[in-house]
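A, B, C, D, E and F label the chains in the order they appear, each numbered from 1.
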Amino acid sequence: MSMNNLGIVKRNIVRADEAAVAKLSRFGVASIHEAMGRVGLMKPYMRPIYTGANVCGTAVTVLVHPGDNWMLHVAAEQLRPGDVAVVACTTDNEDGMFGDLLATSFRACGGLGLVIDAGVRDVRSLAEMKFPVWSRAISARGTVKATLGSVNVPVVCAGMLVEPGDVIVADDDGVVVVPRERAAAVAVASEAREKKEEATRKRLAEGEFGLDIYGMRETLAKAGLEYLEK
Amino acid sequence: MSMNNLGIVKRNIVRADEAAVAKLSRFGVASIHEAMGRVGLMKPYMRPIYTGANVCGTAVTVLVHPGDNWMLHVAAEQLRPGDVAVVACTTDNEDGMFGDLLATSFRACGGLGLVIDAGVRDVRSLAEMKFPVWSRAISARGTVKATLGSVNVPVVCAGMLVEPGDVIVADDDGVVVVPRERAAAVAVASEAREKKEEATRKRLAEGEFGLDIYGMRETLAKAGLEYLEK
Amino acid sequence: MSMNNLGIVKRNIVRADEAAVAKLSRFGVASIHEAMGRVGLMKPYMRPIYTGANVCGTAVTVLVHPGDNWMLHVAAEQLRPGDVAVVACTTDNEDGMFGDLLATSFRACGGLGLVIDAGVRDVRSLAEMKFPVWSRAISARGTVKATLGSVNVPVVCAGMLVEPGDVIVADDDGVVVVPRERAAAVAVASEAREKKEEATRKRLAEGEFGLDIYGMRETLAKAGLEYLEK
Amino acid sequence: MSMNNLGIVKRNIVRADEAAVAKLSRFGVASIHEAMGRVGLMKPYMRPIYTGANVCGTAVTVLVHPGDNWMLHVAAEQLRPGDVAVVACTTDNEDGMFGDLLATSFRACGGLGLVIDAGVRDVRSLAEMKFPVWSRAISARGTVKATLGSVNVPVVCAGMLVEPGDVIVADDDGVVVVPRERAAAVAVASEAREKKEEATRKRLAEGEFGLDIYGMRETLAKAGLEYLEK
Amino acid sequence: MSMNNLGIVKRNIVRADEAAVAKLSRFGVASIHEAMGRVGLMKPYMRPIYTGANVCGTAVTVLVHPGDNWMLHVAAEQLRPGDVAVVACTTDNEDGMFGDLLATSFRACGGLGLVIDAGVRDVRSLAEMKFPVWSRAISARGTVKATLGSVNVPVVCAGMLVEPGDVIVADDDGVVVVPRERAAAVAVASEAREKKEEATRKRLAEGEFGLDIYGMRETLAKAGLEYLEK
Amino acid sequence: MSMNNLGIVKRNIVRADEAAVAKLSRFGVASIHEAMGRVGLMKPYMRPIYTGANVCGTAVTVLVHPGDNWMLHVAAEQLRPGDVAVVACTTDNEDGMFGDLLATSFRACGGLGLVIDAGVRDVRSLAEMKFPVWSRAISARGTVKATLGSVNVPVVCAGMLVEPGDVIVADDDGVVVVPRERAAAVAVASEAREKKEEATRKRLAEGEFGLDIYGMRETLAKAGLEYLEK
């Protein structure tokens, strides 16, 4: 099935391994991104609607037409416990496609949160519900239900390819996508990275310099860095 | 009087009916916007300076020159209890035209809040005062008092036409403008809408799908939506 | 030494007078900017990563290459108690160049905060540490350590020239730069301004108009402002 | 009829006086804007699709939904010789709503050009046809025909209110809207302005300074301008 | 091989069928995009550096680090006659990564043009060489050669997924990506579409309305469109 | 004199050496920027108003208030043959501050062109006059003459510090600033660079790879670049 086909709902998708997802949920977005080799991030305009929001789950992808949230209702039925809806739009759009009614429906289906490259509304209610959302905009503007998109096709969301079943991790730093088949390995690498950082943090707190801890002085000198006394 | 005339202050404006304004104050921006037929919203770059800000009042409009807040001082005198100042600029500008001194003055005149398509400053003080402001930017940059604008002429603010006396409702979702003569009818429609939504919310929470509640399955099928099993 | 030279670290810089810095720390950014004659502000896209952040200290400047935070490690060693790191990039870039490890290191050296015309990450940890940061973006995207920049050369950061040793004051309203040699005078002028504003605030709160307090009625009339009764 | 009502086509609109339009067609956008008292301009992101494009005609207004050009087909039938279509969208959108087929249709109806706060495509063909268009974007992205908008209702296009029948003048400098009832007076004022500018141009070309021609030296001195010799 | 892996050059890629590419070269971007079912377009910020630029060829993809054009030199060696280089960056960047020297090299290898989600320079020389380029920016800013990216891995460029060997068609309207395996079918559909449009164009030129040609009157009425006489 | 002081005109500035300026005029912006060590460029949003515009001259700097072009009239009198006016604004502004009348005046004084971090108008006339301008916007919006700025103080224009008398070189690639005292040395370095590039261009045209000419293969391998056959 080609990317971007319109008018399609794929019912049965393969989701990332549950244990790997559980393990990934313990790490921050920045750590996971580094553990993956510095790839996988959505663009930084994707911001949480409230401070402290965080989520880790498997992607149910949605492709919508600008100003039209019809497919979000279709997507609700495809959500399984542990899923995160990931919504891409065929063109840049900031309309408020999602609000507290859809959040109620998503949650009733086991949906954990939403990542949407468009706008959302009812943000005060969403924050009170503790329903985590990352979006490109907050907008009260309502949408129509007139044009088909798709559910569970590969999408490009905020500059990143997302396949149905991939792991989505999001926190105050942004949103990272872990390809389904890499989930377990990335979880292991993230854990290793966080351990190593913990050790480094202690040394830095005691006043050691990164220049020494990471052994940068020689490479800096070789690159030509010059220290001037005045 | 033509739109956009400069150098004019209209003293006596007709404000929306008080009871209608009071009724509108009970509803959210998203509901009112839908109740109006999905019109009336300012652009989503207009954001509250603190979470939870909300206001509902009658518009006193102000047209200013970029980098110049002279007319805000003129506007203070035209505010009546229950008014919200709505400031448009002749060109895009983010300077901090409004701060805690003007807020003190506006409040002393009964002004309830500010909607400004420019910048504001002293935002910590404004938040402590609980003086609600929606703006396109936060900026400490000061302005001069050198060029005339107007007060109580029709203005385009953040993409929306505002006439003096219209109702302005603003919350975390944005800012909506209810034309004066439609205020009562929109309040009624908003109430109906919120009631209906409350009922829908319950059904969604219990696991019913919007697809069924809104009867979408047939129209989706007719539009050609295809479900694939794999 | 010419502006923008790459590959240089200036070890010994002259910092603004400590007493002047201490005095400046009592005033807000908006007041200081006005007291300087309405100059000195960085562009308003520079935002604090948490509400209520504020800092006042002496600038250690850093010039970096996009996607590369090598020089931040070099800069850590140049920080003295009371310093604020000011990071400019040779080109627009939003990558997350700074996180909680570097914050730990900066703090261990006495660094008070960061102003960076690029992105930062680990923002939840930074907020918990109460390490104040102003940035153009929040982004988890990691950076490399491959290309030289400079430390303690004059830089243009968010549209404003910063020389090493200048005073940096930042709060919810933005970031202002006070040239080192003007620090004492600006502190005096800021104090005078805040006192005067306090008096004005009282009069405004009692219902006097700025039109009268500032004596604007005559100049407005002379400029041609027309009051219409209807 | 309220602004922004959706689903309406007003068939009979009152157009600006033909002679006034003809006279206005001789002047540039900048001159007309100044002659109107420095008002009436759309935002500067509205750019012609080819250098040297210019048009002067009466507005047939169109309000569309994002990603949907249905109403442009409806609008074609409402165009009369001498009209310029002015398209506003309910929300920011850059899709290519208009191309050479619609241009062919518009021209067949006597339409002179297009001003659209969205995208256009087939720009090479449009340039070859010498069909002048001002738009916010060039985009090949196609649109659907699924959601109603309106024709000949007042709209806000690129920040400016346009009523059906107003005069639209556009050239390389942008787009200005002359309210229907002011057309004749603005034409007279524009002519006077251009004459005066011609005389000033000669004096400036001969080396006189604007400082003297406009008599600015005294006001500058009074404002405190200081000349330093070194 | 996973998307976005860094430090990899894939030498042997499968390119789209030559005959299909040749056929596609006869159609415009807008037609091809419609023929594909309204998908495949890059974002509209990708603009040609000179009017009239157009290209049709097979993609050699490149992933680069911001401010670093090292991989473009690596890519030159992978170009075959008929290829178009498609450059994505790991983060938003507008530096001038490509100029007339690289164009000379690309052309010597048979490269037909460049699509780059970053900046280019030497644009006057490139226009004189008639070397077609689509970019997000024009910038003289030079880059370093210090950090690895990849060649011939799948990339997301200006919001669209591009696999090595896909067909890239670009003209004044923008850039469209035709997946390799769909090239022949899309060429056939594009031809059909252009023929049909030619017939429609004639009818429109003679004054028929799209409303009648496309049979829209009934659906508009059913959707509730109301014609008002005044 | 401190940067950014308002209300000052410095009459006698030291301009870069005439011979150095003449020599620099033979090189492109990209070459000069590289010859300077990859510094000195304004941000790439500064674009020429017509293709092929180019200029090389000494800076007369102007600092203006948004929406106010008063100081441009003051600046005209300070221009000497060979000067280029460089206009910075205290805050982001796109108003059309400069048109054909001021261009006539500037040319009469020997002014060669304009670099303005704001808007310009009358662009068709300016192009016909062959008066080269680089600006952030084209806008017909007129300005007032009410607030003082300064002439011949150091300014930050489009992100770059410009001192009066510095050399400004601008072409289709953008605008570069050469500090006065470095002009002669940079001219020499630019010449060397262009010669070297000419030789490289020939080798590339004959099919040699940059990988070999610049000797990159070994460093790439050392950095870990991996070639995959499939």
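What we mean here is this: a contact is a pair of C-beta atoms (placed from the backbone, for glycine too) under 8 Å apart; a residue touches a chain by one contact, two chains touch by 3 or more.
All values derive from a computational prediction rather than experimental measurement.
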Subunit B and subunit A - chains in contact with each: C, D
Contact distance in steps, from subunit C to subunit D: 2
Intercentroid distance (Cα basis), subunit E paired with subunit B, Å: 41
Length of the line joining the C-alpha centres of subunit E and subunit F, rounded to whole Å: 31
Touching two or more other chains - residues of subunit D: 38, 90, 92, 94, 139, 141, 147
Those chain pairs that satisfy the touch definition: A-B, A-C, A-D, A-E, B-C, B-D, B-F, C-E, C-F, D-E, D-F, E-F
Residues of subunit D that touch subunit F when the two form their complex: 28-30, 33-34, 38, 41, 44, 47, 51-52, 171-174, 176, 197, 200-201, 204-207, 209-211, 214, 216, 220, 223-230
Contact set on subunit D toward subunit A in their complex: 65-68, 90-95, 139, 141, 144, 146-147
Complex interface listing, subunit F residues touching subunit C: 2-6, 37-40, 43, 90, 92, 154, 156, 159-161, 179, 182
In the complex, subunit C residues that touch subunit A: 1, 7-12, 50, 70, 73-74, 76-77, 94, 96, 99-102, 104-105, 107-109, 119, 121-124, 127, 137-142, 145, 147-148
